[in-house]
Structure formats: C-alpha cells, structure tokens
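Two complexes are shown next, each including chain A; its partner changes from chain B in the first to chain C in the second.
Presenting the complex of A and B:
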C-alpha cells in the first residue's frame, strides 16, 4: 500500500511536470501566467495536448494489457503481441495510403485503428480458442503477418514513409486539441466501463470452470473483455501509433503495486501507464532539445516509442533476471 | 436434492455416460467412485451445468437445470474444482470473497454482509489465519481448504466436490473429509463428492455410487456396496473386504490387478496398499 501511494503520488506528478518542462519553452509560471505571450501559447496549444495524449495513450495501453493478461491468462498477452496493436497500425496506414480519411482526422484514424485491431485481434483469438495454450505463438505469428502487410503498404507508396514512421514507432508529437476531442471520451469511457466490470475480470482470471461455477458465462464475459481491450488499444494507436512495451510491462507493474484485485489494479494500471508514457515522452522531448542544433524542422523528433522500447526492454531484462533467481 | 435421470453424454463418437439415474437426497453425503476415465468428473460437471447432456435431465429440488440461468445455478450449488489457474498475487481472502459473486447486487458490488459470510467461511474451514496470504505460497492441503472455503462462502444448499483429497497426504485427506462431514451436519448440505479412495468413501459417505461402463454399477450404503465382487467388476482388482469392528465400515485389502498378465504383485501375504491408486 505504501509503495502504491508513493509511486502514484510522486511518479505521476513528477512525470507530468517533467513533460511540461522538458521542451524548455517555459516554466509553470509561463503556463499559468498571463495569456498573450508566445511561450504561453506554445505550451497551451502544443505542450498540454501532447501531455494529455501521452497520458491517455498510456492509460489505455496499461488497462488494455491488463485486461488481455487476465482474460487470456497469459503474462505475455499484450496489445502488441496479440495482433491488436499491429492490426491498428495497419488499419491506420491502409486508411492513409488509400486516402480513406484525411491525414489529420482523429475520428478517421480511430475508426481505421478500430477496424484493424478488431481484425488482428479476432484472428488471433479465433486460432487461440482451439488451442488456448498457444495464444502468444499465434499472436506473434499474426503480428508478424500484419507487420508484413504494413511493409507491403509502404513499398506501395514509399514517399509516405516519413509520415508512416510516427505510426510505426509510436509518437505523441504533434498531437493537438483537435486530436483529443472524441478520443478523450472514448478512452476514459472504456476505462471506466472496465473498472465498473472489474468483479467480472477477477472471477474470470482463475479459470472458466471457476467463473461458470460462480454464475458467470465465461465465453460471453471474455468476448466483452476482449472487445473492451481492443477498443482501448485502438484508441491508443489512433493517438500515438504503436508505442511498444507499455501494454506489456505496465500491467505487471500495476499488479506489483496493487495486488490481484482488479478493482484496484485497473485504475492503478491506468495511472501507471499514463505516468510511463508521459515520462517516456518527457525524455523524448528532452532528447530533442539536446539535439536541437540540427535543423529541427527537417527531423521527425525523437519518437516516444523509441524511449518506451529502450526502457521497456531494460525493465523486462531486469525482471526476468530477478525472476530467474526465485526458486520454484 | 439432486435428481439425475437418463443422462447421456459423450465426446464425439465416444460415449462417456450411457443412461445415468441417480438421486442425492436432501442432507445426504454421497460418494461417486470408479476407475479413471469412467465419467465421475463428467457426471459432476453435468450436474453443475458446466456441460450439456446429449439426453436426459438434471433436476435441482425438482427444477430442471436447463431452465436455470448460470447465476441461479450458482446460488443453488457450489463446485469445488480440482485446480484453479494461478493468478499472481491473489490472496486467500480475495479468492474466498469471490464466492459471494452469485449474490452480488446490480452493480456487482459486494456489501458488508458478504464480507461477513466470507470471513465466516474462512473460520469454518480453518483458513482465517492465512486470509492475507498469497495463494501461490500455500501448501496443497492449505489450498484445498481455501477452495473449500470458497465453496462454503457461496452458501448454496448443494456442494459438488471433484476429488477434494487429490494430492493430499493422509492427514490432510482425513482433515478435509471430516470437515466436509461437519459442514454437511451443521449446514444441512447435500453433498456429492468424487472420491478416488474407496476406503474414504466407505468411511465418510452415507452412500456410495460406483460408475462403470458409463452406467451406475452399484448404489447403496457402503456396507452393502463395497464387496469383493465390486472390486473385481468396477475396479478390476482382486481384493478382500473386511469390516471395521468399531463401526462396521468396510475396508479393502487390494491384492493384485485382475489382468492375468500382471499376476500377484507380491507372492505370499497380501499387500496392504491404499484402496485404489489414482
């Protein structure tokens, strides 16, 4: 309990603050000070929405990963390893390549991400339902296939590669208020819905027979839970593309912080995920600032996904090494 | 009360149960015995509504199981499963509280009384002192008692137990079975338990039902059912049955499998082994 309070009371505000200050545009005085200055405008119209996009993406990925892990009963079940996230990215890039929606349309990106993630996710689950022990094998195969299709799309229109990179690696750079409108409600709505149904997640986790014996229809409950996880992952992808490792690592952190009861782990996964991506993006912005000597406009900026991938890999290696020392 | 009539079930071409008729009266403790794969657990799962029969009906207190929702079934009967999938960090109290799930309110919230029921179930089964511990850190015997606490917390009049003594040492086997009997007595429960130790069934059950070839091969009080003929026809074992002088409970000496190829395991005096090894 104490580590929970500490981490959430310290880590989340710290990452939020770091994110706002990292670009070096201004300090909190600028942000809360009188309107009219250029710095004030930059912070409110670029910094704050970018921060909110990071927080939302992180919350969505954290909860989505937690739901996937609980319902598929697999510690590796994460949006990026079950075909959900790769599907979402494929959907977005296909939509952009074939001009199905304007590049700046948040609603279009969300719809395309949703279609793609539903496709990728349901393909994995259809295969998995006959052979549940191999969920991750099929998920990885499906994800590889979807990544192949993405490459095919890029080969089809190589000139788009620069634009596609932000979706492939994952970044919240350039997210402004227009992108947040509906996606904000979409993500917070699904998270609240999942939180309200956390008793179902708890009963489902120890097994289908167990859940059925307690009066739950496990098939229907799992379908609903996976739908919610897919919807969240699609929301995250429509904001930030394929940010790696957060959906995999954050649920484990949330369980370590809050135990096994989903009534607590769901909100904690949301807050931890939010802090994770806000922190990662703060690092990305700071790295940008250090490299600012070069012509900034010619560069994409350090993508958030690069930071989460590096940090996530480090965390996983540490955890795996520690786990290897635990007997039994 | 459980009433099973004409129950048939199979997987694909393989028929597992071929016309089962069985009644477990109110307050009765009935043991279901038979060799591995004879359909004991399948029958239990059919009665719990976890499988759908090909033919025949299961009635709980006269109501057809098929007409009840999952939640209504969960309020009438609790199942003790052989194992649960591991959930990292899940504590004893968190699991036992899930027993109240069938009784939850409209928003899925558990109330104060539910906490009381869960605590009481842990007291009754002797796991209250480990309520805060993580399930993965418990021994097999402790875990079995926790699963029993979960079933008790469900507060259903019928209890179905699938091999409640599996993987336990003799002391814990006796503890769990004595506990089941006490619960039956104090709560007036109707209990149907799959047991693989014939001696346990003979000692703790009011009635033994033996399955063989997808049918009920024997059904009656232990003294009448446990015979040398039953050992031969149901279990494929040559053995001798003696009766405990204190309570007349039958006790089996299992000498060797009937399969001629094996012959007597040991020449000379009979081997006094456990009734039926799993």
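Presenting the complex of A and C:
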C-alpha cells in the first residue's frame, strides 16, 4: 500500500509537470501568472487541454483494459486486441470520410467511435461463441480485418490520409477545450460507474460458477461490464485515436501496485493510465521540440502513440521473457 | 489440378479484364501489334503486374509455411513476427527521407528490414514458450514497428502518400517491368534455397530435443529457415508492401486441402495457393471500385481473416478431428 501511495504521489504530478514544461513555452509561473501574455494563452488554450486529454485517454484506456481482462479472464484482453479500439478508429474514419460529422466535432467523433467499437467488440464476441478463452485469437483476426477495412476507406479518399494518420497512430496533439466538453463527463462518468460496480467485477472474475454461486447472473453482469469497457474505449479513441499498449500494460501495472481486488485496482488503473499517457505525451512533445530545431514542420509531429508503442513493446517483451523462466 | 486451373483462369482474367477489356481470342493479335494502345496496356501494365502477383504471392505463401513450420506455431505469420512490418519500415524510411539508395537495392533494403524485424522478435521471444507467448511478443514488436512506420509517414510530404500507402497493407498499383525486374530474380534465387529448407523442416517438426538427438543443430537450422523466409518476404515487400495475411491463409488452406501430408507437399501447395489468393485479390482490388484502385492488401486481409476465422472455427467445432489434423499438421 505504501508502495502504491508513493508511486502515485510521485509519478502522477511528475508526469503532469513534465507534460506542461516539455514544450518549453513557459514554466509554472507563466501558467499561474498574470493573464494576457502570449505564453500564458498558449499554455491555457493548448497545453492544459492537451494535458487533460492525455490524462482522460489514459484513465479510460487503463480502466477499459482492466475490465476486459477481468471479465474475459484473459491477461491479453485489451481494447486494441479485442477489436474494440480498431473498431472505434474505423468508425471515426468512416464518419470523417463520408462526412457524417464535421472534422472538429467532438460529439460526432464520440458517437462514431462508439458505433464502431460496439461493432468491433460484438463481432469479436460473437465469433468467439461467447467463450472468453478464445477471445484473443479472434480479436487479433478481427483487428486485422478492421485494419483492412480502414485501408479501404483510406484508399477511397487518399487526400485525407494525412488527417487520418493521427487517428491511426494515436495522438492528443491539437486537442483544445472544445474537444473535451462532453467527453470529459462521458469518461469520468463511466469510470465512476465502474468503480461503483467494481465489487461485481471481483465476483465475476474467478469464474461463472463462482459468480452464480454467489447469486450473480454472470451473463448479464458480463454484458454490462463489456458495455462499460467499450464505452470507455470509444471515449478514449474519440480523443486520441488508437493509442497502443496502454490498455494492455496499465491493468497489469495496476494489479502489481494494488493487488487483485477490483475495488482498489479500478481507481489505480485510472491513475496509472493517466500518468502513462501524460508521460508518453511529455516525451513526444520533448522529442518534437528537439526535432523542431532541425526543421520547422507543419505536420503532425511526434505522435503520442509512437512513444506508447515503443515503451509498451519494451515492457511487454521484458515481462514475457521474465515470465518464461517461471514454471507453468 | 483445380488450383492450377484456377490460377490459369485468374491469370487470363487479370490479363483480359479492366479498361480496355481485351477478349482472350484477341490476345495473340494484340501482342503482335506493337503500336496499339492495347499492346502497351497489356505488355507494360498487366503482364508485369500479373508476374509480380504470381511470384510475390507464391513467395509469401511459401514464406508463411516456412515460418509456421520452423516455429511450429500456426500463428507464426509474417505480420505477427515483425518481418513484414520491418521490411515495410526499412523501405518506407528510405522513400520518405529520400535516402540515396539506388532503386535496385530496395529489395536488399526490404530484406535487411525483414531480417532485423524478425531477429528482434525472435530475440525477444527466445525464452518465451508456447504459442501464446510467442504470439504476444511478436504482436508487441510488430505493433511498435507499425507505429514507427506511421510516425515516419507523418513526416512525409502530401505528394508521397499514394506511394506510401502500399507499405501499410500492400498493393500492386503501378507495378511495371522495372519493379518486376527487382522481384523476379530474387524469388528465382530463393527457389533452390527453399528446396534446401525442406529436409530441415522435417527435422524441426520433430521437436527441438528429438531433432538435436538426431544430430541436427536446431538453432542453426531454424535460423537458416528463417533467413530464407526473410529473403522471400523482403524481396516482395520492396515493390508491393506487405501482402497482408497471405502468409497466414495460404499455409492454412494447404494444410486443410492435404491434411495427411507433410511439409514437403505443403510447400508447393502453399506457394500455389498464395499466388492464387494474391491474383484473386488483385483482380478484386482493380475492379471492385474501378476507376479507383483499392489496395490489394486490404482485400487479402479481409479474405485471409475471414478464411482463417472459418477454418479455426471448424477446428473448434470438431475438436477431435482438429487434434488429428493438428498432429498431422504439426500445428499446436
């Protein structure tokens, strides 16, 4: 418990601070100082919303991954491996390509992401014949299928490829207050709801028989949990696109920090995820700053998703190698 | 027989269909008339594309089987082992940042990328046991490489998008003799190497311990097979991008068609089926939304994944038959 408090008390403020300072626009004095200066405005109108978007995305992905791992009883169940996240990206890109909503509409992106992720998630779930153990193989196949559909969409309008990239690789760059408006309530609301129902998750996790023995209807509980996980993943995707590995790695980190009880793991996963993406985005911004010195660029910049993918892959490989030495 | 006939029919369709349509009976006449537009379309566009589709598909199909047999894992596909994405990343970096590499060396570049990606995955997964651990590590490394690929693309000029597109999933758009000339020699070079791999595969299938007891150096043998697979994938990825999931579905189909044979027979089957799949998908890619060409890899992904899901489900429904097939198929 002490480890948990220490790590969170240090990691979260540290990443928040790093995120604010990474672009090199100004320091905390500028942020809290008198309004009116250009630096102050840049930090309030660009830096802070970007930070909040990163924190929200991370919290949503962390909790979504945790819920998926618990209900599907598979340590690999993550939004990006069960078709939920690729589906959300497909939904957003389809909406943008066919002009169903304007490019800067946060609500439209959220609705499209929700439709897409529900489609992707339920397709995986139906393919697996409701057998949680096989969810990953079909999830991977389904994700490949959705990626194929995404490329078909891109081929339909190649000129939009540049705009589509940010959703494909995941980035919180350019998120401003308008994007946060409703999504803010959506994500925090679902996280609080899941936290409130986390006791149910704890009953469901050991097995259907166990849950039924305690008087829970496992089918209904799982459906509710999967719905919540999908809604959260869609919220995250509507803010940042497909940020890789956070939904997979963060729940494991949360369990390592806070143990197996979902009542504690859910908030910890939210905080860890928030810190993870804020930290990754700080690194991305810093890399951007280094690269901007060499070449002034009007392009996307270093996307957050690249940092999380590299870091996440390194973590996963280390864990997989270490786990291999443990018998069984 | 049926596969050969299907390849022939599709090849004919690939040559004849499109804009303008050239009926089969007029082919000799068109080929004789070097001045006509139809000759140019046929000889400069369709025939090289056909050749690359057939050879590339065969190479990827064979490479998929080599990987699956060498790692004894039905999910050891190029896409999940970092091989495809490594090759795509190497070539994309070179194209986007305009590195001074002559075009003729792109296959070598793809090969180097494929080898690096594959080696990275294998090094990472070396101690991982079982299908799921290898799969996990491979997927992790592939995703990271894919993210790097997208990041490289994010720095590209708008004008390059069309060209880069193919490195996402693979496409045969704009393949002419110039590009074909870079694939064909390499895939011909690979043929004797693949044949050399066949006896090794038989040994590797017995399991590491048995193979070692029979006197083969398992590590070196596996490395050799993987190097050949990387060569095959690398030379195709240069001009076409990763032909997504062909290396997954072709061996799966080959095993399903000849459930009681072994790697020696599956290899030609897998190559033929790979060519068949790529040809069919390319035809769809060209004609489905004509005048717009869609990326071939998107269709192979759809096709491959659907076929894979159906086949895997079939195994799940008949677990006993699957266990038998699994033993015969060397899949675990």
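Here is the rule we go by: the second predicted complex is superposed on the first by the 319 of 328 C-alpha atoms of A that agree within 3 Å, B and C clash if a C-alpha of one lies under 4 Å from a C-alpha of the other, contacts with A are read in each partner's own complex, and residues count from 1 in each chain.
Operating definition for what follows: a residue touches a chain if its C-beta (ideal position, glycine included) is under 8 Å from a C-beta of that chain, and two chains touch if they have at least 3 such contacts.
Every value quoted in this text rests on a predicted model; they were computed, and no experiment measured them.
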{"item": "Fit-or-clash call for chain B and chain C when the two complexes are aligned on chain A", "value": "fit"}
{"item": "Arrangement angle, chain B at one end, chain C at the other, chain A at the vertex (C-alpha, nearest 10°)", "value": "90"}
{"item": "Which superposed partner A:46 touches (first chain B, second chain C, both, neither)", "value": "neither"}
{"item": "Contacts of A:255 with chain B and chain C, given as first, second, both or neither", "value": "first"}
{"item": "First (chain B), second (chain C), both or neither touched by A:312", "value": "second"}
{"item": "Touched partner set for A:203, first chain B, second chain C, both or neither", "value": "first"}
{"item": "Chain B versus chain C as contact partner of A:100, first or second or both or neither", "value": "neither"}
{"item": "Which superposed partner A:224 touches (first chain B, second chain C, both, neither)", "value": "neither"}
{"item": "Partner chain(s) touched by A:245 [first = chain B, second = chain C, both, neither]", "value": "second"}
{"item": "Dominant toucher of chain A (residue count), chain B or chain C", "value": "C"}
{"item": "Touched partner set for A:127, first chain B, second chain C, both or neither", "value": "second"}
{"item": "Per-pair minimum CA distance [chain C against chain B, superposed on A] in Å", "value": "15"}
{"item": "Those residues of chain A which chain B touches in one complex and chain C touches in the other", "value": "none"}
{"item": "Parts of chain A lying in touch with chain B, wherever the complex brings them together", "value": "73, 75, 196-197, 199-200, 202-203, 205-207, 209-210, 212-217, 255-256, 259-261"}
{"item": "In the complex with chain A, residue positions of chain C that touch it", "value": "75, 79-80, 124-129, 132-133, 135-137, 139-141, 143-144, 146-148, 150-151, 153-155, 158, 161-162, 165, 168-169, 244-245, 289, 292-295, 297-302, 304-306, 308-309, 312-313, 316"}
{"item": "Residue ranges of chain A in contact with chain C within the complex", "value": "76, 80-81, 127, 129, 134, 136-138, 140-142, 144-145, 147-149, 151-152, 154-156, 158-159, 161-162, 165-166, 168-169, 244-245, 297, 299-303, 305-306, 309-310, 312-314, 316-317, 320-321, 323-325"}
{"item": "Chain A partner contacts - residues on chain B that touch it in the complex", "value": "45, 48-50, 69-75, 78-79, 81, 83-85, 87-91, 94-95, 98-99, 101-102, 104, 107-110, 154"}
